[in-house]
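Have a look at these structures, which come just after this line.
Next, two complexes with subunit A in common: one pairs it with subunit B, the other with subunit C.
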Partner chain A sequence: CLIHFYKRKMRVLALLFLAPLFLGACLAQKKVLVLLENVAVKETHSLYFSMLQRNGFTLTYKVADDPSITLKKYGEHIYDNIIVFAPTVEEFGGSLSAEAMMDFVDNGGNLLVTAGSVTGDVLREIASESGFEVDEDGTYVIDHHNFDTKDGGYHTRVISDAQNMVKSDLIVGTGKLPLLYEGTGLLTDPSNPLVMDILTGSSTAYTHNPSLPIKEYPHTVGKATVMIAGLQARNNARIVFSGSLEFFSDEFFQAEVDTGNGKLVPSGNFELAEALSLWCFKERGVLRVDGIQHSRVGEGSAPEFYTIREMVQFYIDVKEKVNGEWVPFKPTDMQLEFVRIDPFVRSTMHVAKSELIGTTFKIPDVYGVYQFKVNYQRLGLTRISTSTQVSVRPLRHNQYERFIVSAYPYYASAFSMMFGVFVFAFVFLYHSDETKKKTE
Partner chain B sequence: HSVGAGLCAAGMIAIVPGYISRSVAGSYDNEGIAIFCMLFTYYLWIKSVKTGNIYWSALCAVAYFYMVSSWGGYVFLINMIPLHVLVLMICGRFSHRVYVAYCTVYTLGTLLSMQISFVGFQPVQTSEHMLALGVFGLCQIYAFVEYLRANMTPEYFNILFKSLVIIISSIIAVGLGVLTLSGKVAPWTGRFYSLLDPSYAKNNIPIIASVSEHQPTSWSSFYFDLQILTFLFPAGLYYCFSKLTDHNIFIILYGVFAVYFAGVMVRLMLVLAPVMCILSGIAVSSSLSTYMKYLDGSGSQTKAASKQGKGRQDTNSTQQREGTAYLFVVLMTFFLVTYTTHCIWVTSEAYSSPSIVLSARSHDGGRIIFDDFREAYWWLRENTPEDAKVMSWWDYGYQITAMANRTVIVDNNTWNNTHISRVGQAMASTEDKAYEIMRELDVDYVLVIFGGLTGYSSDDINKFLWMVRIGGSTPEGEHIKEKDYYTPSGEFRVDGEGSSTLLNCLMYKMCYYRFGQVYTETGKPPGYDRVRNVVIGNKDFELDVLEEAYTSEHWIVRIYKVKDLPNRGTR
Partner chain C sequence: MSTSSVKTVVNKFLDEYTNNTPKKLKIIDAYLTYIFITGVIQFVYCCLVGTFPFNAFLSGFISCVASFILGVCLRLQVNPANKSEFSGISPERGFADFIFAHVILHLIVVNFLG
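The block that comes next holds the complex of A and B.
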């Protein structure tokens, strides 16, 4: 009885000790700081926040200019993701600033920011550091052909078709419903290769202040009117910038959209918001490299060096995060480059039986120091960039063919010459002239 | 010639600066061994010509193999020996000894030299070796002709001889022409072609022209390296001519050709030095022995004269001869002593001072030591990752590899011209273009030498025009044109008048970063370059793609780190 009692106590104690570890592991990557414009936003966007909590995120709510906000404790970032639902805030509270935000991103944190028709300076700064520009204060995205009739007559509550989303299921999900939007437009920097337009307006959209007459060309017109923009940084941190806070509100999630032919269709905002948030906070479209193996064909481990013209096999273990679990990734277009300043071999890898991705090829006839490079960048996925350096040596003196076929005549002539000289030596030494005998 | 001459020559060769420049510790290159091998090969050649023994010829071939394995200058040897044979043939001194010697040396020597992988099949493919092959063929023909001449009647012989000569020479000429035109026999490579046509390298191959040792020699360098040998050389030649033998002809040929080549390229002064010593040794020994006779014999002669009772005239003339002999011997001793002191002085001043630690005298006479090179290399060694790659100009490659223990992109063994040209393009381009090249070459750190603060004049800005020339000499660097880096009036200036291409290129920015705020000399504005003696033109600029990693104490060595691409987009 006592033993049972103690055993149970031990089990409980063990659970108590190990539980935090489990919890910690599960909650890794899932701590979100939510900065709100005011406390009311928490209620008006309740569906969005409950969706996040359903997906396993722990949310910490703070008003944007709360002086007690800190991102770092003892030099480490406390949160993994930040949501900013405070378009008009001029300055963040506490130790937060645009610089601190960008430092957070540069250290791997993800950001989801909403602006509005009136946007504070600090958000404009964050946008410009991320490769976008927010249009002037007072501007709205206006579309006189695709608007929701429930707006104030200014045609600022626009409908954007599912076709205007970026072509990547990982980022925007598979929804086909139209989207409701009310807010300002963004301009993306065309020379920045890391920026993507996640949701743009239709070809009839433009941005302008609805109460002012139009005197000059609008800043964005048609499909260039970006409503939600995204950036995947080189360290794979993700930023999603939306021009509208209402996009994520309960009202828009539950609204029904009049597509123009009388039918009322529920808006696709909820699906898009969920997909975007999962993508932004690194739950979808995340790859990681678990290991790289390279060796001669038939061998198991990497040799110290390779020799020219050898057959080499290369395997890389890539995992993708699906529903919180890491499963093997099976691409059809991942390439391996064998580079010595310029690539000598470029080979498309295939999925091997052990769920590794790999290929076999022949090392070129040139010796030197090479690198196995895998550079895989696809829209919506994190970047894979690995490089392994190996040396390739020329043939050693005893690795050449021992006898060259085209040299057989020369071998034959050399040996026949040797034999002939040997016989000749006998003949020469032991030959005696006939004439001497005669004279005798 | 004589034992005395040999001893004299040996003494001279031991201290001649021309040879010491390449064999002193710290400035040691292949040539240090190669000259010994060359002289050894020549000695054995002369011995084999004298004796006609296969033994000596075989030894000569082995010594030749040693020479080939040590220096690319063996080409001089493989052309000098056939030339000697040719001259002997022309002089009518061709004999069976020469025939045996040359055939053995050529066949064995060529076979052995082809064992060196760098030489490979060059002896049968390149024009530089064709003379040896041609003379070999000619030897056979000549010997055969002599044999026929000895065994045939004159008329038959003449007919046969003439027809054979015509047929064979035409075949050879056509054959050589076809082979050269079709590319089978390669034309003269750049290094050697520039010896025949000195302007070739300057116009066509900047990297060969840029090496300071490849410039034509000035008169002062001749005297500097050889001193009295330059005067004794013609005297030695005269003595050789007066007693013309096979080996004397060889020495004469060697001497004359060495003088020509030393005049083309400073580096080949090294080849000239030994033969100068030999000929001067001959001159000194011959002249001394001539005059010593008078000193030795004068005692016995006066006795003999007094015995015969010839009279005062003889004693007077012998006394005169004695006097001139004494005078001559004293003069010669004086020359040799000055030669020795000169050699010692030259070696200590010019060829022994370390160039890795510089020193200068300050205005109050005290000595300032500039140890910047070692300081910077040690910083690299201690503060960079082990596999970091450093890009600098090729002059510092070996130093960085040895002292900083890091991989360099190009070093002093300048055999990959395209790669050096790529580095030159990076140095001469703007920051953005240079960044592409640096990423392609996988560069982590860049190192430049800057002398503007201290007045050190062999810095990278002074070498910059060579970088431009070399960078523009390959197809990828065609956009780099030398004239873009000069002012409209054709000057190379780094002040406000300088060309904008120069003022914005990577080398300029790396050398003069933050220099615009430094006061270098009293009474001059900040940013005064003490080597070019101007205030620099582009003062306050920031670097986009590099960040400053280390600058040594006197700003002589400056090291920069290549920045990664920015995290959130383009620059």
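The block that comes next holds the complex of A and C.
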């Protein structure tokens, strides 16, 4: 009886010990460091932070120049994501700096940064490392045709229509409501393939200091006025840079927007902020490759080598993170390349057995060392890049065609030569010399 | 005038050939024309059809060419008019060499024919 009691206690204790480990694993991707301008920001942006906590993130709040900020402990990064809601900070506290931030991104961490009309140098440095440029101090995005009537008359609280967002549901969600914005503009380089303009102004927007007369062309005009910019780095780390801290504030989330025809519409800021944060912190639009299988058609496992002109089947298991779970990803445009320096075969994969996608093709008539390459880059999704090396051998000496019909004349001539020599030898040796008899 | 002289030369050559050539050499000449015709047929066939099994074409054609050369060599050695040039070698020895060379030739030809 006692033994049973102790056994049950051991099981409960074991569960108690294991549970935190399990929880820890679940929360592995969700530790966020929030750097605030001042403690008041926590209250003015309470809806945003409670939304994050609802989505499972653990937030650690620190004021931006707090000297006790550390990103690394024993060489490992403590946080997975960093939010910077401190536009005017000149230097971060503790061991944090622009290089420490970029090192954090290089190691796979995600950043969400907001600037403002007055932006500190360290944020400008982070922006330029990420491929954007923040406009000068004192500038605002101004739009004289789409502004909220509640601003101070300078038309700096602008409204941007939902169609000025980047065309990707994964990044911005499916909201159609107009967005309220008050802050500076960003410049992005259109030739940078990694940068995306997540929210731009409408065609009538521009950036300038509202209290100074305009003497030269504004730095950004029209649709090139970027309000929120994003970057997906080559290691799939994501950076979202917003020119406005107020965009995420409770006031803007709950504001009602006058779209111009007198009707008041709630602002779409909350939906966009939620979608953007989930995308930035790798909860949406994340793919991973779970496995690759390749073999000859009809066989189950990969052979040691292939031979030219064989039929090959290739399958790849790709999973997408949806609501925290990895579900099979079924694209219609993922291609497989069979590459030996240059691609010899490029085949679009289709949904195959169970949850895999794959394709079947014929190995070309050229032998060598090939790679099965899958490169998949789409807006809003993490990049997939895998390659598997295989060797393709030429035909063995007994794998060639044996009796080729078009070569029958040559076979016939060779054997007729042999036969001819045989007959000639007999005739030559055993012919009777008539001329000899004649002379005799 | 020139045509008639070519005709007379050709006729004289044919007469001399039929009357003054030993039978042995005539047999060899017949054998050589057979080889020649076979080779020409192969070559024309290759020009028409293309060189797909190139090794087979080479094998057959080289077999004809080499047999022709060996036949010519045998004719040279066996011709009684050349006896002074082959003083140490009897015609039988020449024939034996011919057969030996043919054995090697056909071995190689069949190997390459594949």
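A few notes on this one:
By definition in this document, the second predicted complex is superposed on the first by the 399 of 440 C-alpha atoms of A that agree within 3 Å, B and C clash if a C-alpha of one lies under 4 Å from a C-alpha of the other, contacts with A are read in each partner's own complex, and residues count from 1 in each chain.
Quick note on the criterion: a residue touches a chain if its C-beta (ideal position, glycine included) is under 8 Å from a C-beta of that chain, and two chains touch if they have at least 3 such contacts.
Not measured: the values here are computed from a predicted model.
Once the two complexes are overlaid on the shared chain, A:S416 sits against subunit C while remaining clear of subunit B.
Looking at the shared chain after the overlay, A:E129 reaches subunit B, while subunit C stays out of its contact range. Using the contact criterion defined above for the overlaid structures, shared-chain residue A:M311 touches neither subunit B nor subunit C, since it reaches no partner.
In the superposed pair of complexes, A:D106 makes contact with subunit B only, with no contact to subunit C.
In the overlay built on the shared chain, the residue A:V322 is in contact with neither subunit B nor subunit C.
Of the two partner chains, subunit C is the only one that A:V427 touches; subunit B does not reach it.
Contact with subunit B, but none with subunit C, is seen for A:D189 once the two complexes are overlaid on the shared chain. No residue of subunit A is contacted both by subunit B in one complex and by subunit C in the other. Every residue of subunit A that touches subunit B in the complex is listed here, in rising order: 102, 105-106, 129-131, 189, 191-195, 231, 233-235, 237, 341, 389.
Every residue of subunit A that touches subunit C in the complex is listed here, in rising order: 400, 404, 406-407, 409-411, 413-414, 416-418, 420-421, 424-425, 427-429, 431, 433-435. Partner subunit A is touched in their complex by these residues of subunit C: 22-24, 27-28, 31, 34-35, 38-39, 41-42, 45, 49, 52-53, 56-57, 59-61, 63-64, 67, 95, 99, 102, 106, 109-110, 113-114.
Looking at the complex, you find that subunit B touches subunit A at residues 387, 440-442, 564-570.
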